[in-house]
Every structure is written in structure tokens, then in C-alpha cells.
Amino acid sequence: MTKFTVRIQEADFSLEHEYQAVLAGKAEAGAVVSFVGLVRDFNDGRNVTGLKLEHYPGMTEKALNDIVQQASERWQLQAATVIHRVGQLSLAEQIVLVIVTSAHRGDAFDACEFIMDFLKTQAPFWKKETTDNGEFWVVAKSADQDKAKTW
Amino acid sequence: MTKFTVRIQEADFSLEHEYQAVLAGKAEAGAVVSFVGLVRDFNDGRNVTGLKLEHYPGMTEKALNDIVQQASERWQLQAATVIHRVGQLSLAEQIVLVIVTSAHRGDAFDACEFIMDFLKTQAPFWKKETTDNGEFWVVAKSADQDKAKTW
Amino acid sequence: MITVLFFAQLREQLQCDKLQLDDYPQTVAELRAMLGKKSPLWSELLVSDTALAAVNQTISHDQVSLNSGDEVAFFPPVTGG
Amino acid sequence: MITVLFFAQLREQLQCDKLQLDDYPQTVAELRAMLGKKSPLWSELLVSDTALAAVNQTISHDQVSLNSGDEVAFFPPVTGG
């Protein structure tokens, strides 16, 4: 049985706290893969100072649970945690955390990347960048769609 | 310039400490992928109580630095940390940590898994399991060789 | 009655976050067309453009049928993570 | 002179962790053969079996040539991580 945790929150999260939580009482976990996404200055020339993250309450949790469920059907997982922040975030703040534990490192790597690729294309979050020249909605990348299709 | 950290040590490590260290002063890091490997009861039927980890001092550091260097030539990385413990370890203790940061999550996932796959097949560490029935050297898996060849 | 929600830039451009419709058509495609009659802007954003639709919080294609009590949402491609 | 090191089960089975050889052959293959003459066990473990070799801390194939001051190591397939 995979132990799932999915949370949407304004507050910051702690990688260490969630890492210890997935390991608690799991002597059989041999491999733990974690992903943290952070706010970065990712647009050509415009000086990004932060993000506002909007989501669709209710559907977001459902979409993330569906994605984790799919991952747990494809790979042998022991626990999976997904935490995504919403609201106002500054440059270099943490946005998203995915932790996956498995007996096998290949399964943990694949499941963690699969969850991120589907989160990027299926979970209803929208980023609005705050820049020196105003606010701009982030445009979805076709590369993310293409990457999700490779699974 | 990729910031490399490679350490071999008997002492335990802290994921949180190393995570904060790779992020320090890196506002451009958008993606951080971490791997932690733990001692688990991975042999059929025999009751594993711990491990002794032997290594080849000098060559180990060289091999790990070479692997991280190769990763930094294949993918766009900002920082990479590899810490591997040696000596006596109990069940559920941490063995190895790899952290990779990049602007792109795909690069961070690939580089982290590449480093682990090559560490498993190229870095001179040897595990001896302590079980209820005595001590046994762990046998290398051909699956690990095959996985490393896929890169 | 169905509830229709709008998110992100779609919500901002339409200046509307929620509608409740007593009269609603049979499918998502027909709902897009019905709402598109409000103005050229609504037509552009819901009919011509790539707004995604979710019915009861599951992303749905245009032929999905609508029933009383459904929650329909329109939104742009997602950009989380 | 060259230094020859042994690790893990190879070290235990040969009951030897280090040799210093004033007289040494030209290649890793010849060094395996020379050490194999010590006993059937040495021959089995270094010539017949899959012991890996590293010359100056780089994994090396059997045709690599040896020079004075080299550090040669023999060890089983690695099992870290």
C-alpha cells in the first residue's frame, strides 16, 4: 500500500520534515527521490521579482491524487508526497515538493519525474509573474506537453 | 560553472543541510532533485541487521568527481553534491546522497539518476551485510551494469 | 442548474469568475457556443481559443454531456510546478 | 617498484591487502598471470575470475602498461550506493 500525502497550502514547506515523515516506520525504503521547484527568474530579459499562484480549489487536490494514483499503479512505491504552494511567492522561494520512496531507485526516479511532468500539464495551477514592468501570466510551454506524452 | 561537492565520510549526513548549501546564493536554481539511498533488508529471506561499507580511499573521490564532471558536461547543472558513507551502518540508516540543481527539471532528474547509476557501477565501494547468520559480501547486480549502459 | 467557473487570465479577461445557469445546453461544446453569444470577446476566448474545460473537476473534452448540478470550469493551459 | 592493492572479498580470500613488487611485468594481464603463479587460489581469483583492475586509481583493461611508481588495485565488481 502506497502512503499518499497531497497538500495545497500558502505556507512554506520543509523538505526535511516531509522526508522524515515519509521514512517514518518504513525500514524497507531503500530509495528516496525528491524534487523541489523554486521561483526563478526564468523569462528572457524581464526582471522577475515574484509570482502569484492561482489554483482551482477542489479540482487541484483531485488532479494531484489522480496523478499519484497513476504513478503508484505503474511503479512499486512505498510513499509519495506532493505539496504545492499557492498565493504570493518571492524569488527563490519554494513552490512545489514531490517525494517518492521505493525499494528500487529506478522506480523512485521514474515516479517522481512522472508526477512532476503530469502536475505541470494536468493540475490546475496558474502562475502570474510580478516583474519590474508589471504582472504577466506565464504561458504554458508546449515542451511540457511533449514531455508528459513520452510516459 | 557547476559547483561540485564530493565527500566520503563515516558520519551521517543531513539532506536539509546539503539542500540549503546547494541553494545558497543560487537564485537561478529552478529545480532541485535529490536522491537518498538507505540500508534496507534487501536480501531474500536473510535477516539483514546492517552493513559494513569498505572503499578504496583516493580512488573513490576520483571516481565520484569524474562521474559528476561527466554529468556536468551532458546537462546544464548549477550544483551537484555527492556524499557516500563508509564503515558500519545499521538498518534504515542513510548511505548515499546525491543532490543536483539546474534551471530545468529534466536536466536535474537525468543528471541525478546518471550519477547514481554510474556510482553503482564505477565507484569503488563494497557492501558486506551483517545478518542473523553471519556476514556476507553483497554481489553486484548485472541489472545495475545494464542500467548504466543505457545512458 | 449548472455552475460555470473561470480561472486565471480567462477570469480576468472576461471579468467573470462564476455563473449559475438555470438553462444550459447538452454538451460542453454547446455551452461554449451559448456563452460565446455574449460578445465577440467571449466567443474568441471560449470558442476560438484553447480554453480547457473541466466537468466536475475532471478535464473533459467538448462532447461530454452536462447534467443538473454539474460544475463546469473553463481555464487556460495550466502552468504550475 | 609498483604497489598492488586488494579490496573487499578479494582481500579477504587472498589474505593480503598490499604487495610491493620490485620486479613487475609490462601489463596488467601479465601482472595477473605472474600473481596467479603464487597458488591455485590466486590464479582462480585474479586470472579466471572477474576481478577488476585499476591502475593509478582509474579502472583499466588488461592491456594497460605498468610503470615504476604505479598503484595497481584488484577488486570485485563494486556494490556501493
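A, B, C and D are the chain letters, set down in written order, and residue numbers restart from 1 in every chain.
The working rule: a residue touches a chain if its C-beta (ideal position, glycine included) is under 8 Å from a C-beta of that chain, and two chains touch if they have at least 3 such contacts.
Predicted model only: the values in this text are computed from it and were never measured.
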Contact-linked chain groups that survive once chain B is dropped from view: A, C | D
| item | value |
| --- | --- |
| Rounded Å distance, chain A centre to chain D centre (Cα mean) | 48 |
| Separation of mean Cα positions, chain C and chain A [Å, integer] | 26 |
| Junction residues of chain C, two or more chains touched | 81 |
| Overlap residues in chain A, where contacts from two or more other chains coincide | 37, 105, 116 |
| Chains touching one another, given as label pairs in label order | A-B, A-C, B-D |
| Chain A-touching residues of chain B, taken from the complex the two chains share | 14-16, 19, 23, 27-42, 91-92, 103, 105-106, 108-109, 112-113, 116, 147 |
| Interfacial residue positions of chain D with respect to chain B in the complex | 5, 7-9, 54, 57-59, 73, 75-81 |
| Parts of chain A lying in touch with chain C, wherever the complex brings them together | 37, 53-56, 58-59, 62-63, 84, 95-96, 116, 119-128, 137-140 |
